[in-house]
Structures are given as C-alpha cells and as structure tokens.
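Each chain gets a letter, A, B, C and D, in the order it is written, and its residues are counted from 1.
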Amino acid sequence: MSTTVKYVERDLKVVGTRPLRPDGVDKVTGRARYGADYNLPGQLVGLVLRSPHAHARIKSIDVTAAEKLPGVKAVVTRDDFPDMPVEYAAAGELTINFRDVTRNMMAREKVLYDGHPVAAVAATSESIARKALKLMKVEYEVLGHVIDVRDAMKADAPVLHEDQFTVGVEPKPTKPSNVAKRLVFGCGDIEAGFKKADLVIEREFNTKPVHQGYIEPQACLANYTEDGQVELWTASQGHFTLRAQCAKVLAIEVSKIRVIPTELGGGFGGKNNIYNEPLAIALSRKSNRPVKMVMTRGEVFRATGPTSGAQVKVKMGCTKDGRIVAGEAELNYQAGAFAGSSVPMASMCTFTRYDLENVRVVGHDITVNRPKVAAYRAPGAPIAVFAVETIIDEMAEKLGLDPIDMRLKNAAKEGTQTYYGPKLGAIGYIDTLKKAKEHPHLTAPLGPNQGRGIATGFWFNIGNETSTTLNVNEDGTVTLMIGTIDVAGGSRAAFAQMVAEELGIPYDKVRPVVGDTSALGFNFVTAGSRGTFATGMAAVICARQAIDKLRERAAAAWKVPVDGVIWENGFAKPASSNVGDFEPMSIAQIAKTAGRTGGTIAGHAEINAQGAGPGFGTHIVDVEVDRQTGAVKILRYTVIQDTGKAIHPAYVEGQFQGGAVQGIGWALNEEYIYNKDGRLENPGFLDYRVPVASDVPMIDTVIVEVPNPNHPYGVRGIGEVPIIPPMAAIANAIYDAVGIRMQEQPMSPPKILKALETAAKH
Amino acid sequence: MARAHVTTTINGDVVDFLCEADQTLLSALRDELRMTGTKEGCGTGDCGACSVTIDGRLVCSCLVLAVEVEGKAIDTIEGMADGENLHPLQKKFLEHAALQCGICTPGILIAARSLLERNPDPSETEIRYWLAGNLCRCTGYHKIVEAVLDAAREMRS
Amino acid sequence: MRYEAPDTLAGATAILAANAGAKILAGGTDLLVQMKSDMADPPVVVDVKKIPELCRITLVDGAYRVGAAVTGMELVEHAAFAKTWPGVIDGVKLIGSVQIKGRASMGGNLCNASPAADSVPALIAAGARVEIVGPQGKREAAVEDIGIAPGRTSLKPGEMVVAFLFPKRPPRSGDAYLRFTPRTEMDIAVVGAGISLALDAQGTCTAARVSLGAVAPRALLVDAAAKALIGTKLDAAALDRMAAACSAACQPIDDKRGTKEYRIKVAAVMATRAAEIAMDRARKS
Amino acid sequence: MARIVLASNLNPFAGGTTELTLEVDDVYRLFQALAARFPALEPHLEHEVAVAIDGEIYQDVLFQPIGPDSEVILIQKIAGG
C-alpha cells in the first residue's frame, strides 16, 4: 500500500516562518562533522591507484612490491571482490546494475576511463600509501577510446562493452554497440502535427558534461571487526541505499553493516552511489584496522559522476497564432563508462511544460570512455530544456509574440495529458508565468549589448520509502528521528516546523536527528526533491499518532472517552463542556507520567509516500555581452517557482538561488575538457570554473504556492527545478542582447566571440 | 624521517605538535590536532574551505607548510565565538540562512571576518570580490552577501 | 624532504648551492601545489621569508625596491606604492584570491615562470629590474629576461631573486594591467596586457612599454606596440596600430584555457583597454 | 476490466502492444499478468516501471488497488538528483 496524507488548508503558526536551522550552530562554529572529520584509533589511510588510460585491457596487476613496503597493511584489487551478475536496484538516478557497480568501483577486465580504480592500498600514513601506489605494476593493452556521443554512435567506433546490444530496437541487434538503450516516448501523430504547422524550426544543440561540484570530496571511514560486523561513516545522500550496495558487492549480510551518516558537504545527486566505501571495508577486513579514505579533488572530478554531456536535436512546429502543434526530439546522452544516463528522465520532461497533442521523443543512452554519470539536480532536464526553450523563444520572435504569452498559450495545467503517460494534477506553471509578467524585472530598462531572456522548467518530484520515529521525551520535548539525509536545504528545520505545528508546541521543543541505519527502517536516498515531501509526510503521521496517544492518556486521567478529548495548541482539552470541566493538560504534564501511564508516547511511520506534486518554475535573466571578448555578464536574475507550500521560505529561496547559480555556471563556463588521449585536462577548481561570488548578482526570488493536494501542508519538491531554466534563459538573453542563437554549451567567451563574428559575416 | 616540532599559538592558546616537513598546516590542524573545523575542499588553494589567518593574514592553510607557523599566531573557526557568544557574523549567517551544507561556511566566516577587520563598511561588490576565493556550491552566494552586509552594519553600530 | 629557513642571504645561497634540486619557498602557492601533484619532489625546501632583504618595501631616492617575497596583500595594502604603480597593483591583485595573495609574492610569480603570471607583464611594462644573488655574487637583470619558457628561468643554479627595483616615476606617467579570464576571479589569464607610458605637457606620449602575457612561451615585451604609441597623442589610430602590433607579436598555443585564434584577437582588445586606463592615469597623475 | 496503457517506451517489450484490458485488482497482479503475457517486459517491470492509476502516479507500490474501471498507465519510473 502507499501512503498519502491529503492537504487541508488551515491557519499556521510555525510552518511558513523562518526559524534558525537545528544544525546551524554546529555549522558556523566548525563543530559539524563531515565525512573526513571522523577518526578512529589505529586507523589506516586508504588510497586508490587509478587508470591513466581512457580505455585499456588489464593484462596483469602486480602489487607484491607494494605489499612488502613497511607500513602497508593491505592491498585490494579486482580479485578481492566477487563478480556480480546482472541485477538491478534503485539508486538515486533510475537503476543501477550490480555487474556495472562492481566494475566501476574496481576495474575487472578493462579500464574504461581516465581515473578508473585499479587497486587500493591501506597504510599507516599517507606518504607510505602514496609510495605503495608507485610500486604497483599494471600492464595495460591500450585500446581505442571514444569520448563524444556522436563518435560513439558511429558504426566503426571502439566499443566499450562487447556484450552490450542496444535494448529497445527490434529486431534485436546482433552487433554490440555503445548505444545501450533506445527509448521512445510520445503521443498523437507527429507527422500530422507538423502538417498543421505554419512555422517549423529544427535545431541541434550540444552540451558538455558538468560536475555537481560539491565542496566536500567523498570521504568515508570503515571499521570491519573480527566478528564480521561493519561500521561505516560516510557522507552520502542515502545511507540505507549505500548499505544495500556495499552489502551486495561485498557479499555481506545487510544487518552486519551499520552506516552512520555524517553531515553532507553537498551532493546535488552526486552522492547516491558507492565509490570508496566498499574498498575501505575490504581494506579494513584485510588489515583488521579501521581504514579512512578521502578523495582528492582531482579524484572527484576524474572518477565520480558528472552529469551527461549530450547531443540534442529538436524540431517544433506551431501555427501563426503561436499554438505549438508538434514537438519532436532526439536526445543522445552520455552514460559514461556504464549504461544508465538520465536520458529516460530527460525524455519525459523535454516538452512537459506544454499541453501538446503530438510529441515524439527518442532517447539514446550511450556509453563512452568517461566516468559513469551520476544524477545532478533534475538529471538530464536542463539539456533538453535548453533546446526546447530556445526554439520557443525563436518561434515567438518570428511570430512577433511575447515569449511569455506564447508559453501561456501552450502551458500545461491541471488535467493536461502528458506524452509519457499520466495527466497532470494541480500545478502552478501558469501562476509562475503570470507572476513573471507582473514582475518589475520584466520592464526594467536595458542598455546597449544588454538583453533579457526567459525560460521555464518542470520536474516530476517523488516520494518513496521513508521511515521516521517521533518520541515525546519525559519533559515534553520531542525527538524526531529521520532517515533522510539533510542534503543541505535545511530539511531538519522543515520537519521540526511541521511537527511543532501539529503538536502545537514551540519549534525549539522539537529536535530532529538523522538516525543511522540501525535506528530506523529503510529510507530511500534524499533525491528527486523528495526529502521535505516524504519525510515531512512521515513526520506528520508520527506527530498525529503521538497526539492520539496523548489524548488517550488525558482521557484515561479524566475517565472520559477518547473522543471527548481534543488536542489544541499543545494541550489536551475536553472536546466540549458536555465532557466535563477539566483543566487542560500540557504535553509536558502528560509526558512526565507517561512511563507510569503506559510507556513512552511515540509515533512511527514506515511509509511509501506517494503523490509528489510536480514543480514548475520561470526564470528571467538580464545579461550584457562584451562584443570584443565574448564574455557574458549576468546583470540581474529572477527565479519564480511553485513550491506548493514553503515550509521554511528562507531555505526555499536558498534552493532557488543555489540552483540558479549552478545553472549559470553550467550555461557559461563549466565543462569537462578531455585531450586527444582521453585524459581529463581540468580536474580541479582552477580550470573547472564554478561561479565565484563576484561572477553573479543577487538572485531575486518569488515563491508561488499552489498546494499539492497529496501532502498535509501542500508541499512539492523544490530542489530540482531551479537548475533547469538557466541555460535556455541565458541563451535567450544573449540573443536579445547581440542577436546570436547559442546552441553549444558552455556559452563561453571564445564560442560567443566566434558566433558574433560568424553573424557579422552574414 | 624525524618529525619536526612546532610551537605556535592557535586561537590564543600555545599549542605544540609534531609534523612531517612536507605536511601542510591544514593537515596538522586536522590530523595532528584534530581541529576539524577547518575543511579541505581542494588542497590547491582554489576553494577557500581551509581559510585561516596567520598573524592576522588570511591564507589557505592547504598551501602553508606546518613547519612555517613556528612562533606565529593562527586563528581558526574554532576560536571565532567568544565562549557561548557567537561572533556577529556567525549570528547573521544563521539568521539569514546563509549556509546550507555548511562545508564552506567556516572558511567563509574566517574570510568575512578578515574583510570586516580591514573594511568595516564594504559594498556588495567588495564583499563579492573579497569572498571570490571561497567557493560555495549551495547558496548561490546571495544570502552570504546579505549576512555579511548585515553583520557589518551591526558591528559598526 | 628537508625544510630550511635561513635568515640571511648568504645562508640561503649556501643551502641552494649545496643541494641540487632545492626549491625556494616564498608564498608556496605554486610549489605546494606542484609537490602535491607529484610535479615537484625537492630534497630541500628553502623558506626565504626570514631573510629581511626579501620582505621589505623601501623607497630610495624616489624609486621603489620591493623584496621578492613580499606578499601580494602587503603590496596591495601599501598605499604609496599602489599610487605610484597602479598597473603593477592591477597585476598583483589578480594573483588568485585574497587568501592566495596573503602568501604569494611577485618573486614567486616571476620565478614560477608561467607565461600567464599576472604580475609579470605589469612588471615588464613598468621597466622593473630584479636583483639576483648567487654563488657568483650579486647581479641585476630586466624582469623580461627571467622567464624563458613555461617553468624555466634564466637563473643559474644556486641563484635567487632578492628584490624588484622599480625606476623613478616621471611626471604624467601611468600604467595598467588587464587580463582576460572567463570568470571574474580565481582564474588563469587567457591573455594579459601590461602597459606603462609617459606623456609630455602637451599630452604626447614620450615613452611606452607594452607587455603581453599568456600569448607565448614567456611574457613578451612588444617594442613595436610601444613604438606605435610614442610620439602620438594616443589617438584612436595610434591605439589601433598598437593593438595590431600586439596581435602580430602573439605566438600562442591552443590549450584548455583558450585557442590561438581567440588569444590573438583578445590580446589586441586587452592591450587597447589597458592603454586607455594607463592614459587616463597618466593624465591625472 | 481495467484498461492498461503501455507508454511508448515500453511498447517494444510487448510486441508493439499499446493498450489492453486485464482483470486485475492490484499492481502486483497486474505485473504478474503482464509478465506472463509479455516475457520481454518482465525484467523492466521491477525496477524501471511506475504506474499511473486514474491519474495518480505510484512507484514501488505493489498492493495499490486497481478498480474494475480503472485506467492504468505504465510509465518510466522517476527519480532525481
């Protein structure tokens, strides 16, 4: 069964206010402990030997010299891990295949990208571990490699996986291919749709992979004891899924692994998967010592998941009055070394902001010699939306329509049939467009070489498996044990607010704590913008259970039926004067004697939350283009998004602002640069250019609240949508400023300058 | 190789530790002294998470050798609050929701304090350029800049 | 690795002479990164920050002498120097973040011999010279003669740069440095241009030096660009000739930070804009 | 009989079938029936497929009831970063 708690409108005291976050003081004083901040007595330092090649067969691995080095306590290679059959499980982004997972964490037959792990060592110091890596001898047979999807799709391309045949093609192919999967989504009759069109625009767009760029490199500490128990401290977005993955690839029973989540120094989708964790456990098992492994920034860039780079071809048709009659797209997404890109998600949100009769989207999931991609905030959507929102801008311009009016004319609303299946429920897309039209940003004057662009985004959002426990302590304060990681957005504050609201007690009487894997039942990763929605729902269920028990205790004390007791503002009260004249009992009064009136008052929720409300946003951006250097400056930026309900508006704004700035980085300067040998040229923050404070302006925010009917407070996920529109919005603003349509990301100065020169020649 | 003995002052306390000659100050703080409030984000001076001050000068502790700080005075995030009284910047960061994941926060607070010591009334632009060496991937910087402006205002009055 | 921190020039040169492969540690912002990435593995690191001559800023007869290990922030905060050599400060200000400048020095920026070093074109334009000590005693050299290729200098084994010697500033003179990077900060120059010039009372340019960074294996002193300015009123035509000379002087490479074609074009843009700032400063000085 | 619609990405695994009617009262039985009829679809049902029952999306909810007149659309499972 699934669980949904319906929205009921009511007056709110705590929800919607801006209290200090529970983890705040620890974070401003340096007390908060992240993955690399944990240490155990006797711990060893673990390091990884990585492939220098983009694609090579491993002929032999000789670690004997490394093992003999004094201070080296354990070395592991592919031989230390069981091979895995093809078996799928859910991780952050779609599904993972354990056969690939075990090969990604430690190469087996072949190395498939620069940075692919080949061996790992645990030693008494970092310098000894570094020396040990240099003593390892790996013999490679270097193979031809392929970095770009366009090359990977060619008939004569080097093939990464000889056993990979394109799924989704009939008849089943007989030749292995880098195209792992072909997906088709659609509705209506695309050819008939284009026949109705007065204007058809077809364009190709190409983007590079970008990295989540979290500031905390992956870090973990594993302690394998002689009785086969494992303790693992690690910074991830989901300690339960991490436990499941480690148990699987190490063939250890789930109950023997206890994962203690640390504070997470950013994830954005990039910390749903195992990398060093199983290696640290294996090294600890072999050395009988705790092993700590912290990635360098270079390792983070070379070997953890960026998002896909892609080739996207979009063709759209509309009538003279701006009604879109057909939308067709081909999405060719990099999966990295193993199948499983975000192309299914991207295919489903390419056109989903619009109510379209005729749609066809073909997606290809393509393996290339790059690190396996991971989720990154609205996985895949920004790329496809870059294409579609740019073409809509061009259509509006050619038809002489206002770009917001054109979107309003086609906008999805409640009841709109999506091309991937269901109809949309209550959504706030039109509301965000209308707010954009009213916003003073839209009419502010622009100077020479300045331009304004708008674009919109949609994300599904999810709920899923969630366990939460609430205990009313003996003094009437409340401890809320949650199992979804606070991935940064302040979700602990939001949970405490919802529980305080339910119980009618002050916010600071509720202490939310993220429990380890032994404290709660399974929780799915904090991804898909599900945290505040799903755990919020679970926390409300817990609180309501506790309220029922509080009422029962008061009823017993007053010797009245439970129905005769109501819960109001933190007190049990008689439901009416008919029940009797009793002094209201506070939560503290009831809690004080709870041990003697039946035991601790608690609430539990072990649910599979459903009914996540889709999120929509509209962005407005002003840019200035330097015609002589091609540099683009962001002058002004406004994010308008439907949140359902902003439980803690300051952290909602924070999500909007942070997502927008990540999108700005993606649009302008972030990219993976590979050389001709398939080696990553910019694995550091100096040349992988995430925006710095002086690169961006203040980011204005407008919160729209169209409640999600399937959440007690109307919450929708909000974290994904803000990264979707920036690329397209900025491209549209660049066009408005200097008349060039950018179809390549990043829209970096050399590309802009070239486009300006090409335009000047024509 | 014999480890070097270093005596220094950290957050006002005289502290001594042993380190290897090529060990960084960041590593000495975190691994020898277990002062883990100072964070490592890149190890190459590009992110600012490891910011500390040495004799009042803002630096990346990942690009300082631990042996270099003999006789110097180091200030880290652990010394920013005065007992249980948070520094105005710390308070304003909390009030303005100027932190999310928090991994960059210690470095940004140290850098922001260093700015306000030199310039008690910085403009938005001055704050943005001063903090350009401190990457934050969560907030988009908006609320950080607001918090610094507000803290500066409060500290001036 | 051994760490040495001599407090005299003689002590430092003796250690350098006795240890082949020894590296000088000033700010360490390049050296430590190289050591961490296994690009450098020196047997001895010589910390020169305890040597007084390397850490002082002095003014003698109106001419500045800046120790090679003076940190970027010390120089930026030296109001009088900044007023005299704003272009040098433009360059120094761009050496990384405040944190990096809290350690990094012009000596290190020069001797690391990156063609993209931000202070170097400004120093070359300023006509700065360096004082060098080594096993053969002291010598002087022009800044433009130090870096010869990426990572390589003309310094002989055991030699080290002690200080930068700036010329006396004539009246009606100004300098400027501008670089192009995709980000506003925390970036390596794709192109850098430093210009220093002097005007006579009528506003005619009497002297000029133009230097470009990141467009060749070493920072360039572009005489042809300077000649295009000297004797003119710095009118648009003169600036165009100067810009063309800059583009012509470029011998860039394609790399992850920029293409040849882009560097050649933007060199002209940066030089023109730097010249306009330098002109403005000269007229106001 | 519930009306079962296969989103276009799943058609290839069901021999091109886009729509059918089935006598099933929950998702578990629906998946069983589909696996029996379309063996190629079976491996996709467990980890890649969500259902929309009368417009509401359900993921990983085997015992969700399906009414006799329900419309059930099989769709790609959804996640995020």
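Following the convention adopted for this analysis, contacts are C-beta pairs under 8 Å (C-beta built on N, C-alpha and C of every residue); 3 or more make two chains touch, one makes a residue touch a chain.
In this text, all values refer to a predicted model and were calculated from it rather than measured experimentally.
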item: Per-chain CA centroid nearest to the all-protein CA mean; value: A
item: Pair of chains joined by more contacts [C-beta pairs], B-C or A-B; value: A-B
item: Inter-chain centre distance, chain B versus chain D - centres from mean C-alpha coordinates, in Å; value: 54
item: Inter-centroid spacing, chain C versus chain B (mean Cα positions, whole Å); value: 29
item: Where chain A and chain D are represented by their mean Cα positions, the distance between them in whole Å; value: 26
item: Sequence positions of chain A contacting 2 or more other chains; value: 212, 268, 685-686, 691-692, 694
item: Residues of chain C touching at least two other chains; value: 37, 184-186
item: Touching chain combinations (by label order); value: A-B, A-C, A-D, B-C
item: Chain A to chain C touching residues, read off their complex; value: 298, 628-631, 668-669, 673, 681-682, 685-687, 689, 691-692, 694-695, 748-750, 753
item: Of all residues in chain B, those that touch chain A in their complex; value: 20, 22, 30, 34-44, 46-47, 49, 76-78, 80-81, 86, 90, 93-97, 99-106, 109, 124-125, 127-129, 131-145
item: Touching residues on chain A, where the partner in the complex is chain D; value: 1-2, 88-90, 92-95, 168-170, 183-187, 212, 268-270, 344-345, 347-348, 375-379, 420-423, 425, 459-465, 527-530, 608, 610-612, 710, 717, 719-720
item: Residue ranges of chain A touching chain B (in the complex, touch as defined); value: 18, 20-21, 23-34, 36-37, 39, 127, 212-217, 263-268, 294, 296-297, 487-490, 648, 650-651, 653-654, 657-662, 684-686, 690-694, 696, 698-699
item: Chain B partner contacts - residues on chain C that touch it in the complex; value: 1-3, 5, 25, 27-29, 32-33, 35-37, 45, 47, 49, 71, 73, 96-100, 102-103, 184-186
